Structure formats: structure tokens, C-alpha cells
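Look at the two complexes coming up: subunit A is in both, with subunit B in one and subunit C in the other.
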Partner chain A sequence: MQYQSQAVAKPYFIAAIGLFVGQIVFGAILGLQYVMGDFLFPEIPFNVARMVHTNLLIVWLLFGFMGAAYYMVPEETETELYSPKLALILFWVFLAAGVLTIIGYLAVPYATLAQITGNDLLPTMGREFLEQPTITKIGIVIVALGMLFNISMTVLKGRKTAIIMVLLLGLWGLAIFFLFSFYNPENLVLDKIFWWWVVHLWVEGVWELILGSILAFVLIKMTGVDREIIEKWLYVIIAMALISGIIGTGHHYFWIGTPEYWQWWGSIFSAIEPIPFFMMVIFAFNMVNKRKRDHPNKAAMLWAMGTPVMAFLGAGVWGFMHTLAPVNYYTHGTQITAAHGHMAFYGAYVMIVLAIISYAMPLLRGRAAGNSKKAQIVEMWSFWLMTVSMVFITLFLTGAGILQVWLQRINENPMGFMEVQDKIAIFYWMREVAGVIFLIGLIVYVTSFFIGGDEEEASS
Partner chain B sequence: MSEKFTKSMARNIFYGGSAFFFLFFIALTVDTTAKLPERDHRENITEQVVLGKKVWEVNNCIGCHTLLGEGAYFAPELGNVYKRFGNSKEAIIGFIKSRPVDGIPGRRSMPQFNLSDEELDGIAEFLKWTSEINTANWPPNIEG
Partner chain C sequence: MTQSHTKISQYPPGDFAIWIFIYAELLVFGIFFLSYAFARSQNVELFNESQLNLNRISGAINTLILITSSYFVVRAVAAIRENKSLLCARWLLAAIVLAGAFIGIKLFEFISIYSEGISLSTNTFYMFYLSMTFFHFMHVIMGMVILIAVMLKAKQGGYSNEDHTGVETGASYWHMVDLVWIILFPLVYVMR
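Then we have the complex of A and B:
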């Protein structure tokens, strides 16, 4: 750690990991409810558990992005953070807002929550991923603006590297597109069109800038390759990401009431979206081949190399699989979507956050470069447990999805939804087993932070 | 990447390309919103439909169901449920009303939301209106 103020990243990373555990516990509950429909009913109905699962995911990823920003900005700009105190205040505000919202989901019926939080004044609730009460949404905006003010002021007084400019742009974009969550027209079609301005323009737009920037930062630090080369790659990757991804939004405008021409725009542009993910793979492996040093933090290296590979598989390959309109006609809103959603979120965003945590946490804890060999080995075990079980979760859901599409949508005598669900239950059972292994992997991951031993020396 | 292709060239492609395609996206969106009225039949959005959308939202129906293919995959598609239930509002209302409070042993079951008659009528009207949106022929068949 070169700058004192980088230390504010630490609570952000700890909170991220804590909420990650919560997310996966609820994932396991959901998986069980898929095969034992009355599990925890009516105390925790499926829709409540799902909200907790997906909202915790988003909130802990945001904690991770913010922690990454507070860690990277001082080091890149070569100056202390504008206000470490503001960063800490915002941390507690965000944590309180997040925890209270989750408690609200679990403690009272959703309709009651909507009522007591004044949803009638500005109705924004009850849409997928945007279930938070309106006041929580306002809190998120305040925290995001506070953070943007803080890091923008820091960047203004310091060195302006490409990595930091891209990160800043990504974070500004995140905040700006979130504002569309406040637009909830009475017309469902319009509602859906602009709902995707949050969801799609996040994960296939501005979040990719954040992803690319964190990856570039970690690679510079770990490989020692010339900044000029790394930043050139970064620009090319994010250029491809936005050029394909913005019009690529059209792959969600096939069947929601929007004009048919979107079938062309959406199919063609989203078919290009895997390219930036593929370039990330080439980029990461190239930089490692050109490395000027062998960094002692092997675990961080593993996360950093795993991210582009899994992001390419989950977003690129599994995304492409169902993105062409004639295919999507049959797969839209099935377990194929769930398969893709899981691997893409894990590969791109979970793994990049775990990569920066793996790189930064030892330094934040006052270690020279990396954790002890023992701790790293445990962390690498958790990498393989979580990553391989995620591959299996994806494969089982894909199996379920193919059968679902066949039985319910293609067959000459289509079966009803619930009947099909019974027929494919075996895949859901296998997914749940893989999910439990994922949870075990996560417990191993948490354990790795408590393993001592001699730390690794910094190498030149 | 080759030496001739410099970082500032890459940066310009990024800023120029993103700006261009974002503006193009806005143009397409404007065109889409202009064409929507004949596809979404907004003239049929009555007070009941508006109430129905609100009931849909504050009970988080999207947490189990898909609506026009978006949402959760735990329970059936509802964009065409009005047609699947034989173009009957009463069938929809009857189904929602009759959900057992304690669920069905061993099986997935929809919660009992205790909706008022007005809310029930709203949600049925909302689903009826939704089923009339021009969705380019989706879903492939009545099962959704």
C-alpha cells in the first residue's frame, strides 16, 4: 500500500465478501425450492428469496467496485484520496441501506414494504433487479454521487492515466444509467424498454469499462508490462464493447412489443459482443507471457487469468448461444437464460472483484506482496471449487433449458409449464448439488483469510 | 498490436465509436417510441389496467413469473395467460383468489395475496391488455 488513504478500500472489500456469503445461502434456498416447492413456504416465498439473492449480488458487486476504485485511484493518480472520511461515511450509509432493505424483504410482505416506504409517491418497485424501495434507490444514488465526487476530485488534482479515466467513465455511467430505474411509466412496453437501459447498459456497457480497467490495473501491477501497451489494449477492448453493446441492447427488444427491425439490429450487434470478451482473454495471456517479473501473489494471478476466460464463456459463448432472434424466439425466458445469467455474472463481475480483492487485500493488511503459501493454496482451492461448480451449474441449467424448450415450445403437442418442470426436475437436483459445492468453495475462500504463516516476499 | 497503431488512435476509436453508436441508439429509440402506439394499443390502458400494473408490482409477481419472457422462471409465463385461460378474466381472478394460504405439500404454490375485488379486477384487466400487445408472434404457442 503506497498511499494511506487506500486503506478505506478494506471495509468495502470485507462487506462485499460478507454479502456474497448471504447471496449464495439464498441461492441454495432457491435451488431447493425448485425441487421442494413447499420449502420455507409461506415464510420465505420464492420471489422473496430471489430478490434477496439477486439484490445481494448487485449490492456486493457495487461494494467491490467502490472498494476497487478507492484502492486504485490514489495509486494511479499518485495522490491521496480527496476525502477518506467521506468514503468511510458513505460506506456505513450504503451498508445500512443494504442491510435494512434485505431485512425489509424478509420481515414484512412486499406489498407492506411498498406501502410503508411510500412507493405510491414515486412507484419504482416490483421490477426485476430493481425491487428496492424507492428510498433505498435514492440512497444508492446519493452514495454513488458522493463516491463520484470524491474520486473525481482526486483525479482532478492528480495524474490522469487511461486506466483511471476509463474507471471513472464506467462509474459515472453506472450512476447515470441507474437513474432510469426511477422512470416507471404506466405503459408496460415503455417500462420494459427503459428497464433495459439500466440492466443491459450496465452489464454489457458501462460495467465492462470497470471490468477492463480493474483487469488492466491488476495486470500492470502483476506483470510489470509497459503501461502504454496495456492501456492501448484497454481502449481497443472497451471500444469494441460499447460499439457492439449499445445497439446490442436490441437483443432484448425482440418480443416485448417493439418494432420488428430490432430483430436485425439486436441480432447483428449483439453477435459482435463476444469479441471484446475474447480480446480480454488474448490480452491477459499475452501480458502474462510478456511479464517482466514473477509476482509472488499466485492466487491473485489465478483470479486475474480466470476472469477473462470465464467471462468469455459465460457472456461470450453462452450469450451468443441465444442472442440471434430465431433462436431467442424459442429460448426467451427459459432456463437457458438462467444458465447464461449465472456464468456471465460469475465470470465477468464476481471474478474481477475477487481478483482485485485477492491482489489488494494482502497489501491492505500490511503484507509485502502476497499471503503465505499456505493461505494462497487454500484460496486457489476455493477458486477451483467455485469456478468448476459454476461450470456445472451452467451445464445443468442448460440441459434443463434445452428440454424445457423442446417439451414446451417446439414439440407438436406442447406440454404445460408446470408439467415440464416436473419432467426436468433431475437437472434441478444436480444444479442444487453443484450449488452446495459452490457454497463449500465460498466457505473455503473465507477461511483462506484466516490462515497465517510466513508471508511471501515482494520480488523486484 | 503493431507499433503504428498508437494508444491515442485506440482512444479516439473508443470515444468516437461509442458516441456515434449511442446517438444512433437514441435515434432508433425515438423512432421506436413513435411507432409504439399501434403496437401497444395504449388507448386501452384504462384506470383498471393502471391499477393492475401497480398490483403486479407491489406484490412482486415478477419474482416468480415471466411477463413477455422477462422475469423469473419458477412459474408460468403470464403475457398470454388471458388467452390460455380461454379469454376469461373470471378464470384469472378465480385462480388468484383460490391459492391456499399454507401452500401445497411438496409442490410449488402461489402465495395467497388477499387482494380486494377491485385489485383482482385490475390485475385481470392488466393481463388482458398485456395479452393484446403485438409481440411479433411470441410466445411460440399457447403454453408460453
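Then we have the complex of A and C:
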């Protein structure tokens, strides 16, 4: 750790991991509810478990991004953070808002939560992924703006690198597009159009900038390759991500009541969305081949290499599979979507946050370069357990999805939704087994933080 | 012209990143062209009928304009290779003026189509015609911005025969804009 104020990243990373555990526990509950519908009912109904699972994912990734920003900005700008105190205050505000919201989901019925948080004053609740009470949403905006103020002021007084400018652009975009969660028109078509401005333009737009900049940062640090080379790649990757991703929003506009030309625009532009991810793979492996040193933190390297590969598979390949309008006509909203969602989120965003945590955490804990060999081996085990089980989750859900599409939509005598769910239960069982292995992998991951041993020496 | 300035020229000319960009752009337009061909094969009559309504004359003039502007850009690169910064800037200015003419004619075309009440939703042919020409239109504007930036730097003597990657970068992009139009025009306006 070169700058004192980088230390504020630590609580963010710890909170991220804590909420990650919560997310996966609820994922395991949810997976079981697919095959045992009344499991934990009425304490935790399916819709609540799902809401907690998805919301926790978003919140912990945001914690991860913020931690990454607080860690990267001082080092890249070569100056202390504008206000470490503000960063810590915002941490507690965000954690409190997040935890209270989850407790709210679990403690009272959703309608009651809406009532006691004054949703009728400014109705924003009740939409998938944006279920948070309006007051929580306002809290998120305050935290995001506070963080942006803090890091923007830091960047203004320090060195301005391409990595940090891309990161800033991504974080500003993240905050700006979240504002559309406050727009809740009566017209359902308009509602959906702008809902995607948060959901799609986050994960297939500005979040990719954050992903790209974190990846570039970690690769510079670990490989020692010249900044100019890495930055050039970064520019090209984000240009591709934006060219394809922005109009690619159209692949959500196929069947929601928008004009037909969206089927063409959405298909054509989203068809090239895999390319930036493919370029990330080439980029990462090229940089490693050109490396000027062997960094002792092998675990961080594994995460950094795994990210583009899994992101390309999950976001790129599994996304492309059902992005063309004529295909999506059949697959829309089936388990194919769930398969894609799981691997894309894991590959692109979970892994990049774990990569920066893996790289930064040993340094934040005062170690020279990396954890002990023993701790790294355990962490690498968790990498393989989680990654391989996620591959299987994805494959099982894809199997479920293909069967579902066939029985429910293509078959000459299409079956009803629930009837089909019974037929594909075997896939859900296998997915649950893979999910439990994922949870075990996560426990192994957490354990790796508590393993001591001799530190790795820093290499020059 | 002496050969002294022709060091072993690097290939591709210009900045490497612009080529990734150019290939990406060509890929997008390529997918558009393929989609057009596919959609047309599903409804040849509609495409042929709607196509007759387009203004082929203005399209042809615009083709000549873009090809000529590309030639001017070639002259600009040749000029800077002989260390003639001002001449380079002047050739670029000529190309930019022609690009402006392209924009003007295209706007005229868009306005007359619009006044006929034609939109993206009229039929599949017009969806493609409007989408592809509009995306290309945006690229012409982007190309103009790049050429203007290069011209201003050339004017201030920012390039030399030793170091003129920027001029080649701008020229490469501009040729791509031209190339796309050379395919787009016959495909959408003429071929039937």
C-alpha cells in the first residue's frame, strides 16, 4: 500500500465479501424452492428470497467497485484521497441502508414495507431489481454522489491516467443511469424502456468500463507491462463495449410494445457485444505473455485471468445465444436467460471484484506483495470450486431452458408453465447440487483470509 | 519527388488502435449489409418498389463527393510526407468542405423523405435505408471532427515527414467512411 488513504478500501471489501456470503446462502435457499416450493414458507417466500438474492448481488458488487475505486484512485493519481473520512462515513451509511433494506424485505410483507417507507409519495418500488424502498434509493444516490465527489476531487489534484478516467466515466455513468430508477411512468412500455436504462446500461454499458479499468490496473501491477500498451487496449475495449452496448439495449425492446425496428437494431448491435469481451481475453493473455516480472500473488493472477475468460463465455457466448430476435422470440424469459445471467454476472463482475480484492487485500493487511503460499493455495481452490460449479449451474440451467423452450413454446402441443417446471425438475436438482458446491467454494474462499504462514516476498 | 523520405513505412498506416476501430465499424456495417440482404430476400418486391422512391441522383452526387474528398485526403498525406504542413492543411480543408457538402445533401434527402411521412416503421426497406444512412451520416460527422482536429494540428506545424502518424490515422478513418458509402450506395439505392 503506497498511500495511507487507500486503507478505506478495506471495510468496503470486507462488507462486499460478507454480503456475498448472504447472497449465496439465499441463492441456495432459492434453488431449493424451485423444487420444494414450500421450503421455508411462509417465513421466506420465493419472491422475497429472489429479491434478497439479486439485491445483495448488486449491493455487494457496488461495495466492491467502491472499494476498488478507493484503492485505485490514490495509487493512480499519486496523491492521497481527498477525504478518507467522507469515504468511511459513506461506507457506514451504505452498509446501514443495505442491511436495513434486507431486514425490511425479510421482516415485513413487501406491501407493508412500501407503506412504511412512504412509497406513495414517490412510487419507485415493485420493479424487478429496483425493489428497494425509495428512501434506500435516495441513500444510494447520496452515497454514489459523495463517492464521486471524493474521487473526482482526488483526480483533479493528481495525475490523470487513462485507467482512472475510464473508471471515473464508468462510475459517473453508474450514478447517472441509476437516476432512471426514480422515473416510474404509468405507461408500462415507457416504464420498461427506462427500466432497462438502469439495468442494461449498467451491466452492458458503464459497468464494463469499471471492469475494464480494474482489469487494466491489476494487469499493470502484476505484469509490469508498459502503461501505454495497456491503456491503448483499454481504450479500444471500452470503445467496442459502448458501440455495441448502448444501442444493444434494443435487444430488450423486442417484445415490450416498442416499434419493430428495435428487433433489427437490437439484434445487430447486441450481436457484436461479445467482441469487447473477446478482446479482453486476448488482452489479458497477451499482457501476461509480455510480463516483465512474476508477481508472487498467484491467486490474484488467477482471478485476473479467469475474469475475461468467464466473462466472454457468460456474457459473450451465452448472451449471443439468445440475443437475436428470431431466437429470443422462443427463449425470452426462460431458464436460458437465468443461465446467461448467472455466468455473466459471475464471470464479469464477481470475478473482477474478487481479482482486485485478491490483489489489494494482502497489501491492505500490511503484507509485502501477497499472502502466504498456503493461503494462496486455499484461495485458488476456492477459485476452481466456485468457477467450475458456476459452469455446471450454467449448463444445468441451459439444459432446463432448452427443454422448457421445447415443451412450452415449440412443441406442437405446448404444455403449461407449471407442468413444464415439473418436467425439468431434475435439472433444478442438479443445479442445486452445483449451487451447494459453489457455497462450499465460497466458504473455502473466506477461510483463505484466516490462513497465516510465511508471507511471499515482494519481487522487483 | 525523392525517395529519401520513404523509410520502410509501417503497415498498417496510422495508429494501431484506429485499425481495431475500423475493423469494428466495418463489422457493424457488414452485419447491417448482411441483414439487409437477408431481409430483402424475404420480400424482394417491397424492397424494389420502395427503392424507386429514393433520390438516386443525390446519392450519386454524394458518392462522387466522398470519393473526391478521399482523393484530397490522399493529397494531404502526400503533402505532409514532403514536409509541406500548410499544403497538407489545405488539402484537408478541401476534404472537410466536401464532407460538409455531403452532410448538406444528405440532410436535404432526409428532410424530403421525412416530409413524405416515411419513418423507421413504414416498412423494412425504409427501416434499413434510414438506419444505415443515418449511422453512416453520423460517421461522416465523426470523420469531419477527426479531419478538423488533424487539420488544425497540421496548420500549427504539428506534423512532419518523420512524424505524421496522426495524419495517416485520420486518413485511414476517412477512407473507411468512404468505403462504407461505396458499398452502401449501390446496395441500397441501385441494386435490384
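Keep this in mind: the second predicted complex is superposed on the first by the 460 of 460 C-alpha atoms of A that agree within 3 Å, B and C clash if a C-alpha of one lies under 4 Å from a C-alpha of the other, contacts with A are read in each partner's own complex, and residues count from 1 in each chain.
We adopt the following convention: a residue touches a chain if its C-beta (ideal position, glycine included) is under 8 Å from a C-beta of that chain, and two chains touch if they have at least 3 such contacts.
Predicted, not measured: the structure shown is a model, and the values here were computed from it.
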Which superposed partner A:291 touches (first subunit B, second subunit C, both, neither): neither
First (subunit B), second (subunit C), both or neither touched by A:232: both
Touched partner set for A:188, first subunit B, second subunit C, both or neither: first
First, second, both or neither for A:275, with subunit B first and subunit C second: second
First, second, both or neither for A:423, with subunit B first and subunit C second: neither
Which of subunit B and subunit C A:329 touches, first, second, both or neither: first
Subunit B versus subunit C as contact partner of A:373, first or second or both or neither: neither
Touched subunit A residues, subunit B compared with subunit C: B
On subunit A, the residue positions that both subunit B and subunit C contact, one per complex: 232, 235-236, 239, 243, 259-260, 265
Of subunit A, residues touching subunit B in the complex: 33-34, 36-38, 41-42, 45-48, 50-51, 110-111, 114-115, 119, 123, 125-128, 131, 162, 184, 186-190, 192-193, 228-229, 231-233, 235-236, 238-239, 242-243, 246-247, 249-250, 252-260, 262-263, 265, 329-330, 332-335, 337-338, 408-410, 414-418, 421
In the complex, subunit B residues that touch subunit A: 1, 5-7, 10-11, 13-14, 17-18, 21-22, 24-25, 28-29, 31-33, 35-36, 39-40, 42, 45, 49-50, 53-54, 56-64, 66-77, 101-109, 111-113, 130, 133-136, 138-144
Residues of subunit C touching subunit A in the complex: 16-17, 20-21, 24-25, 27-28, 31-32, 35, 39, 120-121, 127-128, 131
For the subunit A and subunit C complex, residues of the former touching the latter: 232, 235-236, 239-240, 243-244, 259-261, 264-265, 267-269, 271-272, 275, 279
